[in-house]
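Look at the two complexes coming up: subunit A is in both, with subunit B in one and subunit C in the other.
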Partner chain A sequence: MARLQVSSGLRYASPVLIFLLLGFLAPLVTVVAYSFASPKSFEVFTSFTLANFSAVFDTTNSVWTSFVWSLGLAAVCTVLLAIIAYPIAYGLNHAFGRYASLVSVLFVFPLFVSENVRLYGWVQFFIKNGVVDGVLNSLGWGPAPEVLYSPGITLFGMVYTYLPFMLFPMTLGLSMVPQDLVDAAADLGGGRLMVWREIELPLAMPGILIGMLLTSVLAVGAVAEAKILGGQSVITVVHDIEIAFTYAQDWPLGAALAVLLVLIIGGLTLAVLSRLDLDRVLGRR
Partner chain B sequence: MNHVSRRNLLKMMGVGAGAMALGGGSLLASSSAFAARNKELNILCWEGYNSAQVLDPFRSMTGATVKAESLTNDPTMINRLRGGETSVWDLINVNNPWARKVMAPAGLIKPLPRAEFDHYFDAMLPDFKAPYKWAMSEDGKDLLGMAQRFGPFNYVVNTKKISRATAEDTGWDLFNDPALAGKYGIQESDDWNVFDIFLIAGINPFVVHTPAEMEKFQQTAIKVFKGAKMVSDVASLNQAMVAGEIDLYLTGGTYTVSPARADGYPEMRGITPLRGPVDGKGGVSWIEITSVVNNPAISPLATDFLKYVQKPDVAHTVAFAEGTFNPVTQMGNPECFKLFTKEELDIIQWDSLAEEMSRCVEYDIVPEYAAALDMITAAKRMR
Partner chain C sequence: MSSSESAVAAKAPLPILQLVDVYKRFNDFNAVSGISLNILDGEFLTVVGPSGSGKTTLLRMLAGMEAPSDGNITLRGELINNVPAKERPTCLVFQSLALFPHKTVGENIEFPLKVKNIPPAQRKARALELLQMLRLPESYYAKNVMKCSGGEKQRVALARAFAYDPDVLLFDEPLSALDYKLKKVLEKELKDLHRQSGKTFVYITHSLEEAMVMSDRIAVMRAGKIVQIGTPETIYANPEDEFVAEFFGEVNKFSVSLNEEWGWFSQDTESSLTLRLPTDWPGSEQATVIVRPEYMRFATSAHEFDNVISGTVFNEYSLGSRIQYQVRCGNKSVLVEIPRTLARNAAPDEQVMIGWNAADAFVAEA
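What follows is the complex of A and B.
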C-alpha cells in the first residue's frame, strides 16, 4: 500500500519534477559547466579546465577581498538586524495590540517600491544640500557629516533593505512561544531575564534562525547598496561576478566566482538547517 | 567552428524538453523557428533606439513586432552574438571599432547594399562622408553599418568650480593633481576608464604597450581610484555634481552630462583636453555604427529600419530619445538640423562640438584590454 502511494505520488509530481529539473537545475548545471570552461571562451561542455578556479585562488588576485567584504558585511548586517528586529517583533506580538497589523504593513510597504529607487532616495537624504544637510544648515547646525560613498553607508543600506526579511520570520518565531510557558516560568520565580533566556529565546530560535539565514543569504548577494550608496568604496563579490560577465567578458571566471559563492552560501544554509527542526517552525509540533 | 555553442546547447535541451513533454511525439513545433520573419525585428542597442518615441512610429508604419534590448557596454553585446545569438538579433548598434575590426571578420554581421545606403552619407556632417572609415570593412569594399549618434567622451567638469579654459588646458593632468583628490568621481564604464587611465598616465591607449607602460598604467590606476570620492553610474555622478559632492568626473561627455544640462545645469560641461599623448590629441570620441546581424533568418525589416532612422525627423528623435541626448551625423542635413531648438543645441554642446571632435581620436580597441581591466578592478578594491 505504501509502495503504491509513493509511486502514484511520484507520478503526479512528475510534471513539477521535470519542470524543476529543466527550469532550475539546467541553468545551474550550465553555470557549473561554464566554471570549468576555458577562460574567456564560450566553450561550455566542450572544454574542461580548473584554470578559472586557480585564477581565483591565485595569490596575486585580490578578489578574496571581495569575498571578505561580502561575507563580513553580511555577517555584521545579520547581527545588527537580529538586534534591531527583535524588539519590533516582540512589539508586534505583545505590545502594539491593534496597531500591530498597521506596523506590519508599514514594514512591508517599502517592498512594493524597487530597491534601487529606495536607495536613490536615501542618496537624496544624505547628499550634500540634501534632506539632512539642508535641514541642519537651515537650523544653523550644519553642515551634516559626510556619510555617503563609504562602507558604513553600504552597511546601513543593507540593514534597511533586509529588515523585513528578518522581522517577519522572527515575529512568527516569537508568536509560537506559548504564553502559558512564560507565565508558568514567571510563577515559578523566574526573573524577566531568566524567562527570556530559558524560555522565550530557545522557543523562538527557529524563527530567529530562519530570519538570520534569509538575511545573511540575501546580504551576501548584495550589490546595489555598495554601488548606489557606497559609491563602490567596497567591491562585493557579486559586483565582481557582474564585471566578469560584462566588461571583462570572462564568463567562465564569473561562473567560477558564482559557483564558489553558491558553495559558501549552500554550506552556510545546510549548517543552519541541520540544527533546525523545520516541522516545529511550521507549527507541526 | 566545431564546438557546441551555448545557444545550440540550450536549443538541444529545449528540443529534448519538447520531446519529453509531447511524450516523444512530433517535433513539428521546432520548424516554426524557420518561419518567415517579415513582421518582426529584434534590435540589440544602446539605450535610445529602444525608446517608444523611436520604435512606435516604425511599429505602426510596418505593423511589425519590434523588440529592442538596450545594454550599456559594447563587449557584452558583441559576446551575445559570439555566444550564438546571431539567430536572435537583426540589428546591432555598438561603437565604431567593433564592426570593421571584430564583428565583420568573425562573420557576425553582413554588409549593407551600398547602392541603397551610400547616398545617406552625403547628407551627414562633413566628417562622415562616404566612404566613412568606421562604416567600411578593413579592405574598404563593404559597407558594414550606418553612423548616427556620436560624441566626444572624456571628462565632465562643473565650470563654476573649474573653468572650461583651465579644464581644457590642464587636460588629463587634472586627475594627477593631488589638490583635486576626493573631489572627483569615476563613471563605472570600465572599458572607457581603461582609455582614460592610459591618457592620465600620458600613454596612447590604442597601441601595443611595453611592460614598463603597463606598470605605469597600474600605478596610475591605483592612484586615480584612490583619489576618487565615488565610482558610480551616470545619474549618481550628475546628481553628486549638482549637489556639490564632486567637481568633475571621468569618463564623461555629451552622452553623460546632457541630462544634467537639460535639467537646467548648463555649468556642467563635457570637456575635451587641448592636447594629449595620441599624436598630440588627448580626447577620445565614439561613433555608433548600426549593422545588420548575420542572422540565417534575417528580418527584411532590418534594412528598412536603418533607412527609417536616417529620416530627418526620426534622426532628431534619436538624438533626443529618452535617457541621454547626443548629436547625430544627420545634423549635416539642413532639414534635420532645423528641427533642433536653440536649447537642444545647447544641451548637446553644439557650440564646441566640431572643435572638440577635432581634438579627439576615435574609440579603438586596446590590445591589452583584459590585463588593463584586471588592473582597474584590483585598483578599485584597493580604494
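What follows is the complex of A and C.
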C-alpha cells in the first residue's frame, strides 16, 4: 500500500502538470532540439551542430541585425513608456479624482480591438491622401511629411500598443505608496524632489519594474508594428523567426533564434523578479 | 539638559500655539467648527473625543497638512495658517507611525537630518544618541525597520520625530494598535520623555486612560467643538455636561425635576424619591444628577448619607483592586464601586441600602 501512496498535493496537481508537460515543455524541448539540428534540415534529435548559433552571430550574415533592432527598439520603447506613463499613473492616483475611472477605461478601450486593426487604422491616418495628409492638403498646408514605413513610426506603434501594459502596473505601484509616508517625509522637512526620490519612487518601484518587464518582453517580441507601420523598413527578430520557419524552410535557424530570444527574455525576467517581492505587490502581505 | 530644567523651573505659561475661532470645512461638513485654544509652551495637552469629533483634523491643521477654512493659527504670535508642514517646527507622529519600510532603523531616524544636509558621520552619531535615549540597542541601527516589534517601531518613530528637533510634537493615537501592557509602559515613557525634553506635546486619543495618565491638560472634543478643557482632575471631578461625564468613566444618572412641595424629585427608582443636590446648582427645573460608582456606598441606615435608596444586589464584577456591584432599585440599575478591602459578601438578591453625599454628585442640564 505504502508504495502506491502519492501525496494528495501531487494528485491534485497532476492534471495541470500533465497539461504543462505536454503543451509547454514538449514543444520547448523540440525547439531546443531543432536549434542543434543540421542547418536547413529536419534532422531533429539525430544530428548535433552549433552551426545555427554561429550563423546568428556571423557578422557577414544579416540575421544579427534583427536582434539589435528588436532589443534596441524594446529598450527605447520601455524607457519612453516609463516616462510617458508615470505622470498618467500619478494623475490616476492623486489628481484625476472622480475622472480617474473614466481615464482608465479610455486607456483600456483600445485593447478590445485587434492590434492589427488598430495599426491599419494608423496607416489610414498617416498614409498619403490619408487623414493627416488629406486634411493638410485641403487646408493648403500639404503635403504632410512622410512618416510611414520608417523605424520611427515602428517605435511609435510599439509605444502606442504597449502603453496600457506599462500604465496599469505602474498605477498599482504608485497606489502602494501610503499617503502617510509622503506626508510624514514632508513633515520632517523633505522637499518635493527629496520625498519623490527617497520615498515615492523606491516604494512604487515594484509596480514600475513589473510594467517595464511586461512592456520590454512584449516589445522584444513585437512584429506587427514593424510589418504594418514600418513597412519592413525594420526586420524584427520575431519576423526573422517567422521567415526562417516559413519561406526559408530553415527550421534549425529559426529554432536557434527562438532559443536565444527565450534566453534573453528569461534572463531579464529572472533578474527583475529576483529584485521584486511579488507577495507584497499582490497584497498577500 | 539645562534647557529642560529651566523650562520646568520657569513654567511661565506662554502660549506657543494659538487657535482663534478655527473652522475646517469639507464640502458642507464642518469637521472643526469654531475652536479657540491656547497651547502652552512645554505642556502636555491631550485632545480626547469619540471618532469623528474632529480631533485628527485639528491635529493635521497644527501640523500644516490641512489649512483652516476660517480663523487663525499663530505660532509664537506669527500667523502660520498657510505655512506648509515642512516649514513648521512641528512634527506629527502618525497613527500608522509612517515609518519608511524600505529603510533601516538608522536611515529612518536620520531622514530629517539627511534633509538638512548634515554630514553622514554626524547623522549617525545623532541617531545612536536617539536610539539610546529611546532605550533601543545600538545594534538596531542597521536593522530592517519592518522586522521591529510594535513597541520598537513606536520608539523608532519617536526617535525620528526627535531627530527633526521640533518645538511641538503632535501625536495621532500612536499607541492605539498596541496591546494593553505595552501601552501602559509606553504611556509612562512618553510622559517621562516629555519631562526630559521640555518640548510641547499635543496628543490625540479616544482613550480616557491614556489622557488621564499623561496629560497636563485635557481638551474634550465633540462634533468639532471643544466641550471642556482643564486638568485631568478637574474634568473627572467636575465634568461640564453628561457627555463629558460619561466619556470619562461609568456614571449613575438620575433624572430629577423640581417639585414645590418636595424639592428635587426623582421617579427613576421604585418609589419616588427626594434627592439632595450639590448646593451650587443654578440651572433649570429639569436636571440630571450624575454620581460616579466610586462615590456610591452601601448604607447601614437611611440617614448615613445625604441620599439613600434601597434595592437588591443583582450582580458583582471584580475589577481587580476594586469591586463593582450592580444594585437594582426598581427598574433602575445602579453601580456601586468599592475597594476590594471593603468588599462585602453580598448574596444575590440581598436587600441593601445604598447612598451618596450630595457634594459627590454633579448636576447637568437635562
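Operating definition for what follows: the second predicted complex is superposed on the first by the 276 of 285 C-alpha atoms of A that agree within 3 Å, B and C clash if a C-alpha of one lies under 4 Å from a C-alpha of the other, contacts with A are read in each partner's own complex, and residues count from 1 in each chain.
We take it that a residue touches a chain if its C-beta (ideal position, glycine included) is under 8 Å from a C-beta of that chain, and two chains touch if they have at least 3 such contacts.
The structure displayed is predicted, hence computed values, not measured ones.
By the document's definition of touching, of the two partners only subunit B reaches A:123; subunit C does not. In the superposition on chain A, contact is made by A:43 with subunit B only, not with subunit C. Within the superposed three-chain model, A:248 lies in touch with subunit B and out of touch with subunit C [touch as defined at top]. In the superposed model, A:187 makes contact with subunit C only, not with subunit B.
Contact with subunit C, but none with subunit B, is seen for A:202 once the two complexes are overlaid on the shared chain. When the shared chain is aligned, subunit B comes close enough to touch A:240, but subunit C does not. Partner contacting the larger number of subunit A residues, of subunit B and subunit C: B. Of the two partner chains placed by superposition, only subunit C is touched by A:178; subunit B is not. Residue overlap on subunit A between its contacts with subunit B in one complex and with subunit C in the other: absent.
Interface of subunit C with subunit A (complex): residues 63-65, 84-86, 90-92, 94, 96, 98, 100-102, 111-112, 114-116, 160, 164.
Residues of subunit B touching subunit A in their complex: 3-6, 9-10, 13, 17, 20-21, 73, 75-76, 78-79, 82-84, 185, 188, 190-191, 229-233, 235-236, 239-240, 243-245, 370, 373-374, 377-378, 380-383. By the touch rule above, subunit A contacts subunit C in their complex via residues 178, 180-181, 183-191, 194, 198-199, 202-203. Those residues of subunit A whose C-beta lies close enough to touch subunit B in the complex are 18, 22, 26, 30, 40, 42-47, 61-63, 65-66, 120, 123-124, 127-130, 148-149, 227-228, 231-233, 235, 240, 243, 245-251.
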